[in-house]
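Order of writing sets the chain letters: A, B, C and D. Residues in each chain are counted from 1.
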Amino acid sequence: MKAAVLTDYDPSLSRQQFVLQQEVPDPEITSPSDIVVRIGGAGVCRTDLHIIEGLWRERVSVELPYIMGHENAGWVEAVGGSVESVKVGDPVICHPLLSRGQTLAARRGNDMHAGGAFPGIDSDGGYAELLKTSERAVVKLPQSLAPKDVAPYADAGLTAYHAVKKAAVNLVPGDYAVVIGIGGLGHIGVQVLKALSGAAIIALDRSEMALQLGRESGADHTVRADGTELDQVLALTGGLGAQVVIDFVGEGDSVAKGLKMTRNAGFYYIVGYGGKVEISTMDMIVSEKSIVGNLVGTYPDLVELMALADRGLVKLATREYRLNDANSALHDLHRGQVKGRAVLIP
Amino acid sequence: MKAAVLTDYDPSLSRQQFVLQQEVPDPEITSPSDIVVRIGGAGVCRTDLHIIEGLWRERVSVELPYIMGHENAGWVEAVGGSVESVKVGDPVICHPLLSRGQTLAARRGNDMHAGGAFPGIDSDGGYAELLKTSERAVVKLPQSLAPKDVAPYADAGLTAYHAVKKAAVNLVPGDYAVVIGIGGLGHIGVQVLKALSGAAIIALDRSEMALQLGRESGADHTVRADGTELDQVLALTGGLGAQVVIDFVGEGDSVAKGLKMTRNAGFYYIVGYGGKVEISTMDMIVSEKSIVGNLVGTYPDLVELMALADRGLVKLATREYRLNDANSALHDLHRGQVKGRAVLIP
Amino acid sequence: MKAAVLTDYDPSLSRQQFVLQQEVPDPEITSPSDIVVRIGGAGVCRTDLHIIEGLWRERVSVELPYIMGHENAGWVEAVGGSVESVKVGDPVICHPLLSRGQTLAARRGNDMHAGGAFPGIDSDGGYAELLKTSERAVVKLPQSLAPKDVAPYADAGLTAYHAVKKAAVNLVPGDYAVVIGIGGLGHIGVQVLKALSGAAIIALDRSEMALQLGRESGADHTVRADGTELDQVLALTGGLGAQVVIDFVGEGDSVAKGLKMTRNAGFYYIVGYGGKVEISTMDMIVSEKSIVGNLVGTYPDLVELMALADRGLVKLATREYRLNDANSALHDLHRGQVKGRAVLIP
Amino acid sequence: MKAAVLTDYDPSLSRQQFVLQQEVPDPEITSPSDIVVRIGGAGVCRTDLHIIEGLWRERVSVELPYIMGHENAGWVEAVGGSVESVKVGDPVICHPLLSRGQTLAARRGNDMHAGGAFPGIDSDGGYAELLKTSERAVVKLPQSLAPKDVAPYADAGLTAYHAVKKAAVNLVPGDYAVVIGIGGLGHIGVQVLKALSGAAIIALDRSEMALQLGRESGADHTVRADGTELDQVLALTGGLGAQVVIDFVGEGDSVAKGLKMTRNAGFYYIVGYGGKVEISTMDMIVSEKSIVGNLVGTYPDLVELMALADRGLVKLATREYRLNDANSALHDLHRGQVKGRAVLIP
């Protein structure tokens, strides 16, 4: 099959060709629960840039060359002998994590902490024509949703949904929620917030294009990150700050400001990464704030997100690229020129 | 002041004049925390008909003649010496319960279980020009909301909000919620459900006018209660029933059918009353259902509901009557001819 | 293998021989996830008497003759090809339900609602030397726990744990919890309540022997069900009733009284069955009570219960019978002569 | 009355006399909700040392000289005209915060965020014979509890209870909880954890005396903070870390190590202060940990803690000093020579 293969790290992200177009062997069914999916679309994620930079080298073990792509959707191409819940031809979206489902975390539904492979991160992913996954990782799509249109939900959408779902239980009408970073994840985050809570939503970003996407996604207020963003948020929230801040940036001054715009007894959710949390324990106790890490999402999270998408309550802004244009997609993302999410189509 | 006074019970609801227009003494400030409110609007509730029937005689002690009206909003007319949070002239909506705020239930925020008077039920209410209440019971209105337009939120809206808020924590996208009875409470219930959850909403009523109101309120599906409603709900929900059923009727076959259309491990919320729950303990354990009673709502519930109304996420369908037309309003309600909620205006 | 087989129903429970000792074929591995367990102990449950009476005939389809026994523990005797989490010889306790783990309920951890067989109820169970189960249904035992001593945890303990865990989140110190029926389930319920909450526990039963077991299990108060039990509970709880009532009887006047001894805004949990819930919707709304059905428990529930047992926080009162004395065990249970739980040992 | 008065800050805590014994005017009833309490005992808190150091100068405005002491219990000496819930002579413990109860935070029960004075911190406290407080701040004591024996519950106990109650909802049997710092707060924390959860408790401290107190308080394991504490906790928890870590120290390497000994998807609670949280956002997302600030506790929290104390489930280790020995108590605390909590008795 055709694939866009990562052959070398590039710490400065300076190369023209991050990945190389190659012909590689097709994945094969080797276990009774295996499924091979014909890719309809593979999302391009900022994490892919971090992988190319080598940022994940110490955390996961994967040998180059390998195939990136952890946001995958398509059609079932082949199934192992024990697969019952889908059949060849079914359209599916792939939960990014493969677990046997036997650990206690898995039995509690916490697929993120259940162990197992992460195709596209620690094994071959979906920048290709075919992807090997397993029965526990596929969600059958409703007829309303085409694989290429939903692929980025598999990780970007799932991660945004998971964090927002955790945040929504801490919101009541009258509260404010700030969403920092209205990109591929953030614009889904805004929509999910709107669907799951009655809080007023403040979208915050440096770019006017992103704020426009925030408005289209349902934000009640927008704040330009021009250095005065903390004051703007405090002004909107009666000087108190927001009950919930969801930070899809997580680097630069986003963290310090995000924490400061969180009101007392409120919650600051970290989704983006690259930066650092620094706060005194005295500030933590006087304010009684919570700082919450967020990692991908569960299988039921993905099913729930597909239900929202099916009903039109969440829409994905995508820009399509051909698989053999993968490098254009990665460079456009790197330059901040993708509104919403880039998707590779074989 | 002028008031519409209940002088006699009428168990068959057959009289032309349920209440009499009379001149009565103005209420006076007697405690430092007292507030007198000039009524802008007083909602007319099915409970008022039940009071006239004598249905509440055994549960609350009140001597006739007295003034009904437990859904009140208006402007602060006079305040006691210790009142700090509002001043004369402020527009307010009145939480229906008066408590000192010292009991443990009050300290936990459960104003419904905190003891205290219930004006309009066990003491003089708002079918009048003035109402005596207290500082702990008034919520200041935002400029966007006029007293006469929001009065029914004080009980009908608050009760619907409270029940739906309890239900919403048990709903995720992909779930169904059935709202039985799309009247004064139910049409608010549908809107609150839409604001607080990502579940698909099924509005159920006998009347096409009510179903139309359900659609306008945001229901995704409507079901006519024509004898086949159970089958219709099962068909919509893949044969499983709904995760949440909120019953604003609570009498006739609504209860038995409402329980049956609740899916296994689901929740049936009772708001309307007059009927009876009958179910075997074996059915309860095999299905693992929950049956939940619901009573008015807390003070923060009312604040939250006003936040939704202020942002236009909840709208109230009202029909205005003059205070001296109170009997027309009560009769129209009795005949099922009020779309939304009747409000008396002095 | 040897087994105690149910060959005919006995609606009046009047026969000497409820089950017959027979030689039957050994169960065999037919799927890669199958496990055969050599029974160390099989609990005898009131449900077994209800099965003999035919009470479950309409709810589950099973052809006689078959083998009862849904509370099983023992040692792994044989495993299918894909089993990884246990090996031959490991001591295990069996979760009573077998599911593939693919349904959404399973993915959310709700094994009770995940579909799948229920050995001992709808297929052959553990009144035998060997039992066929599957990898997803076995919990490896710590060294401190012998199969014959823990078998009744598989259903009686699990059901009590599941209900109490649900109840415990509604209890704070200063609250009261009533446990109705201090038998095989109830005495575990009392211990789990004590481990998971700071509420004061009231044990209620007709029998002084049971109340003694309640005291040994950690109840703070005991109430004899002699007709005055409602008054006794009200007297203990300042006239208000208990925040939580867990009813392991669920028949006779237990239900009506259990509901009445639940305080306003409190919770009544149904575990035992045979009776009927009857309450007006008006009583439900005025009291704002919740009535909650409870069904077995999840796989993580069983793991958690084993953790409590391992630490000595929950102890099981058992009485051992040989497998070929199964009829004695069933008759003793029927006559109310088992303190704690009967266990059959091959 | 007699009082121990703070007249000057002492940043290096080097003076012999931190406070001076003086005769000051008695407090007087000035508002109808005021209460004057005759002090039975006043707890001495590490925060008092921080006040003397000047650490709180920037956060609260209080003019020296003033009277410290925010952990107070005694008997009602005088009441204002509107007080109904207690009468002269009643034994009471004082919630440390005085609020009018009108803000939304107060109505939701969050007394810590409700505004209002904090006697002993920003106004005169209980290092004296009499204290002025208000009706909303007193909890009547059961007969089993003497004021001098419970005074430290008013803040040390309340703070420990509040943090542990928040933590307990995240614990199930099989989980581990680490308590860092087994002093005045920590030894109550261990007991509350034992009362409210089925988790195994690991007590961690530098001092063998403190670990002994941890054992007496019910810890299942103790870990000496000798530099190897992280490894010891990992060894006890199967290499995974603990689901919950409650840090009563919050300074030095306690924070970094506390976060590291928290397992993935686990919770780190900050109660002690003086140090700093530093962690990369990448570590936060990969681990999906939560960092939670904790501040005093609510009025219902204090009622619940008194219920535990009344039943003997929580016991306070105290050491009594006369009010005119306040400096000895403060110096002993500063030198780490108080096992449990110091209490001043007039």
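Following the convention adopted for this analysis, contacts are C-beta pairs under 8 Å (C-beta built on N, C-alpha and C of every residue); 3 or more make two chains touch, one makes a residue touch a chain.
Computed from a predicted model, the values in this text were never measured in an experiment.
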| item | value |
| --- | --- |
| Intersection of contact partners for chain A and chain B | C, D |
| Contact-richer chain pair (by C-beta pairs counted) among B-D and B-C | B-C |
| Separation of chain B from chain D, taking each centre as the mean of its C-alpha atoms, in whole Å | 42 |
| Centroid spacing, where centroids are CA-atom means, of chain B and chain C in whole angstrom | 41 |
| Of all residues in chain C, the ones touching two or more other chains | 300, 303 |
| Partner chain A, residues of chain B touching it in the complex | 165, 169, 172-174, 192, 195-198, 200, 220, 300, 303-308, 311, 313 |
| Chain A residues touching chain D - in the complex, by the definition given at the top | 59, 105, 110, 112-113, 247, 250-251, 255, 264-265, 270-295 |
| Chain C to chain A touching residues, read off their complex | 31-32, 82, 84-85, 100-102, 104, 107-109, 111, 135-136, 298-300, 303 |
